[in-house]
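Dropping the structures in below, format is structure tokens.
Common to both upcoming complexes is subunit A, partnered first by subunit B, then by subunit C.
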Partner chain A sequence: MLMFSPVKPENRILTQINPLLKIVTCITILSVALLLHKIEALIILVVPLLVLLLISVRIKVQVFGYAAIALLLFIIISTWLRDFQTSVISTLRLLCVILPTPLLAGTTSPSDLVRALQASHLPNFIVLSLMLIWRFLPIIQQEAQRIIEANWLRGVEIARQPKQWFSGLFIPLIFRIVAYADDVTVGLETRGYDPQAPRSNSQPLRWRLGDTIFVVSAAVLVAVVGSLEWII
Partner chain B sequence: MPSDQQLIELIDLTFTHQGKSTPTIDDVNFSLEPGEIVLIAGATGSGKSTLLSCIAGIAPSHTGGKLQGQILYQGKDISEWSVRQRSQHLCILLQNVETQIFTERVWTEFVFGLENWNIPPTQIHQLTDTALEEFGLEAQRNWLIHQLSAGQKQRLLIACLLAIGQPVMLLDEPLAYLDAKGVKILLQLLKTRAQRGQSVIIVEHRLDLVAEICDRSYCFQNTKLINLHKPPTPPCLPTPPCPPCPPTPLTSTLLCTHKLSWGGYPLFPDLQVQAGETILLKGDNGCGKTTLLKLLSGLMKPTTGKIEILGRDMNKRSVVQIAKDVGFVLQNPNHQLFADSVRAEIQQLRVSKAVADSLLEKLNLGDRANDHPQALSQGQKRRLALGAVLARQPKICLLDEIMVGQDPHSLSLMLNVLDNFTQEGGALIFTSHIPLPAEVLKIRIVEL
Partner chain C sequence: MFAAFMTIGMIIAVFIIGPFAPPGLQLLFWSPLAGIFLTLGMARLQRRGSVALMILPLAVLLGLISPIILLYLAVTVLVTELVMFFLGNYRYKINRLWGNILFFASANLGGLLLGAYLIKGPRADPFVKFVTQPGLLILLTVLAGIGGAVGWWLGELVIKQLQRAGKIDVDV
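Presenting the complex of A and B:
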């Protein structure tokens, strides 16, 4: 089972947005977050990201629990090392850096990403590499889950037996990763993929109303955050 | 369709795998004419898939190893051609379909392949619609691929590969996961394509099904490709090596289910499984056979209904707790093999060396005992995964399509081991599209 997966197609909000636009917005948000020092400005940036994540990507409650515990630990350690205010700022910044990843991954299909990258006229080998990575990450997550399940079926509760992690999880996972990398290269060639060869595009990306709304909303968000930080 | 020009010609082809001193296939001479369907049979690990890999260019360029001899396509030596170059003329279906699927939805998978071949967009939609209709996948058009069953994925990939219409098709166990309907569609389609001049080399263990459409048959024996002159006969299953033990009286109920349901599947039939019983879950691809096995093992929790194992309610128990009584051999054995040797895989905690060795012999893996599990063929891995599960002596054993990729001899050994398990009071619940004589394991069929 995937830890996060897209919600049903009819509920999509971000899935129809141009992937390149999403990538550029994520990079902008990340850059702005690194410049911010006011807690309220950072909160304004984090809240929409969190809301979008909740409505666009289905995440297991368990994963939310783990993330909350990790953040709490982060706050405690950074408060102990510095002070509470710095700790909160660092945590909010961290959220701005982390949240766009599941948002992007959970709302962008590999084929949409390839089309977007093709449209941007990036070299084909980069398109291929990014496509493989995009497909690779959820597959590895899936493989890890299947291996954990296979351990359960053998009566091994792997999460409670750190001694078993190496032989029961890491080794089989490494085997699967290496095998996958080999197999997928062969598989791609057998399906006719060649990074150097011309490729048709049956669904070229077009600018849609949703893209305009997305750009305007992102610009408004950055403007509000900027004014909170530097003007007010 | 007769023709003077041979499509494929193999001359003195020999291939030796990396790290091996003896060849896997030796001195193979073979030709394929337009419109021919040729069957390649042989034991698990005998070199059938290796031959297809050599023709498709996967071996040695991706696998390593040493290739000698010539491979000609329409009279031209293609030894220097890449896999992609060859795939313009020879499409190949690999054993593990997961490695040839790249997108997230059924229809985008068709589009992906067609775009790779630079097919004009106007034709792509038409070709996609035709292929979806031809392979009965219209209803699944917008499905996410992970929602498909193994059989549906296999059907999808075959449809994708055949959409372009290359002159030669290399199919490695294309019927492995297909239900009766899928098999019928594919065999009819291959016959039609052959009549139009396309040629097929098909590697299969389900000989009874392929024999009726193939023009010639070959078999790998001791690295040599032998012309069989007449279609091979279906295997006789099984031949017990030892006299059967007296059957265990069917008295104790091991498993009981009541009104189970999950997701969008219709209500699963209620099961009542006694000690010594063998249940075959039967149904078309995508009807929920694997889902039902996962529910019984605890990997998935039912939306409604109740599962009782040995009189205890299992709904609130974890997979680890259920695993004490229930063993599950998964469809893909790669996830279930952890040890660094075949013997160690079986010889787990509380399993003696003698028991492990005996199981290995019974499963025809004795000579591979010191090899790494990942070095085995898919069929051998499935037998090993079965051995590892049975070694833990579960009360109930769930088997998901593990008879795939087994040659008649290996299948017979596997069935003998399973027969012993039920004779000793265990219960089997399994899925398989491979027809088994009902008397082999005294199978009770449950239709889904």
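Presenting the complex of A and C:
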């Protein structure tokens, strides 16, 4: 069961942006969010992220519900431990930390990510591993969900029976993972994949107008947030 | 390729253990489950550097969340692989056990020390609390090592099952 998926190609806003640029922007937003202490500055940072998430990534209503409940519990507990203002600041900061992840994952295809990572000159084994993780993590999650559902059918509720985790969940999951690993290995071997060899690319990474607009918008956002926090 | 799939297994273990682990003790709860995948990866790859192959991509991914996590995982891998370089490869059970214990114990110790010294402000408080009590720090490190050993034991059980199914070829 995938938690989120990109919207249709015609609705692309962030999918065309250079993935490296998106990663750098995410890290910048994260760093800025950790430095902010004013509620209005944090709100200005959260709102565009939330709007972008809603229009760029299709998220299941159920996931939204879980997230809302988790945030509500977080606010209640942190208000109880400290005070309401600190709790709101912490919640907004938490949103700034969490929101870029689905935004980045939902608007970046594995091939775009691989192109970006290759352009960043990381070692080949890391690029290949990251590509496989990006591609297969949702599939293995689906497999885990299927195994849990198969256990339900047999009357075993995994979440309430930790004793069953090893034999009921991990053993079948590991067998599936090993099967996937073997299939992918054979697939890459038969296609003559060589991580060291130079690869042709039909869509090389280029700086586009969209990237410039994205950088300028992000810089304006950070400048507005910074001025609200430190100048006004 | 196999290493990448074991990394996926470790990430799935994070999702499974996440709701049940109390804050600050996630590594202790994660180690028995992640240890299964670490042992499997060691058994299949067998060479020195297998832990680095599995953990470094995870470190790069988590480095997007915080560079401190990247640094801490890189240090942990370095410590584990440096010791294993002198002990030998992961072909034998006993070396896989040492690899697991070293990895999780050094991850716990390194994580708490780096957290206490590199994180600034109130977020560093829980780390400082652990680091300023040497007894507690040693206890948590030993528990993380035990968690790694449990993961190794479960991992070896899975290896036996995979051997029976003809999916893995390794000395036990």
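Rule of thumb we're sticking to: the second predicted complex is superposed on the first by the 182 of 232 C-alpha atoms of A that agree within 3 Å, B and C clash if a C-alpha of one lies under 4 Å from a C-alpha of the other, contacts with A are read in each partner's own complex, and residues count from 1 in each chain.
The working rule: a contact is a pair of C-beta atoms (placed from the backbone, for glycine too) under 8 Å apart; a residue touches a chain by one contact, two chains touch by 3 or more.
No experiment lies behind these values; they were computed from the predicted model shown.
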item	value
First (subunit B), second (subunit C), both or neither touched by A:Phe125	second
Partner chain in contact with A:Val97 - subunit B first, subunit C second, else both or neither	second
Touched partner set for A:Ile133, first subunit B, second subunit C, both or neither	second
Touching partner for A:Thr190 - first (subunit B), second (subunit C), both, neither	first
Partner chain(s) touched by A:Ile23 [first = subunit B, second = subunit C, both, neither]	second
Touching partner for A:Ile171 - first (subunit B), second (subunit C), both, neither	both
Contacts of A:Gln62 with subunit B and subunit C, given as first, second, both or neither	neither
Contacts of A:Ile147 with subunit B and subunit C, given as first, second, both or neither	first
Subunit C-contacting residues of subunit A that also contact subunit B	171, 175, 179-180, 182, 184-185, 188
Footprint of subunit C on subunit A - complex, ascending	23, 26-27, 30, 97, 101, 104, 122, 125-126, 128-130, 132-133, 136-137, 140-141, 144, 165-166, 169-171, 173-175, 177-182, 184-185, 188
Complex contact set, residues of subunit B against subunit A	56, 58, 62, 82-84, 87-88, 91-92, 94, 96, 99-105, 108, 111-121, 124-125, 142, 160, 164, 297-299, 318-320, 323-324, 327-328, 330, 332, 334-340, 348, 374, 388-389, 392
Partner subunit B, residues of subunit A touching it in the complex	9, 109-111, 131, 135, 143, 146-147, 149-157, 167-168, 171-172, 175-176, 179-180, 182-194, 197-203
Complex contacts: residues of subunit C adjacent to subunit A	1-9, 11-12, 15-16, 33, 36-37, 40, 53, 56-57, 60-61, 64-66, 154, 158, 161-162, 165, 167-168
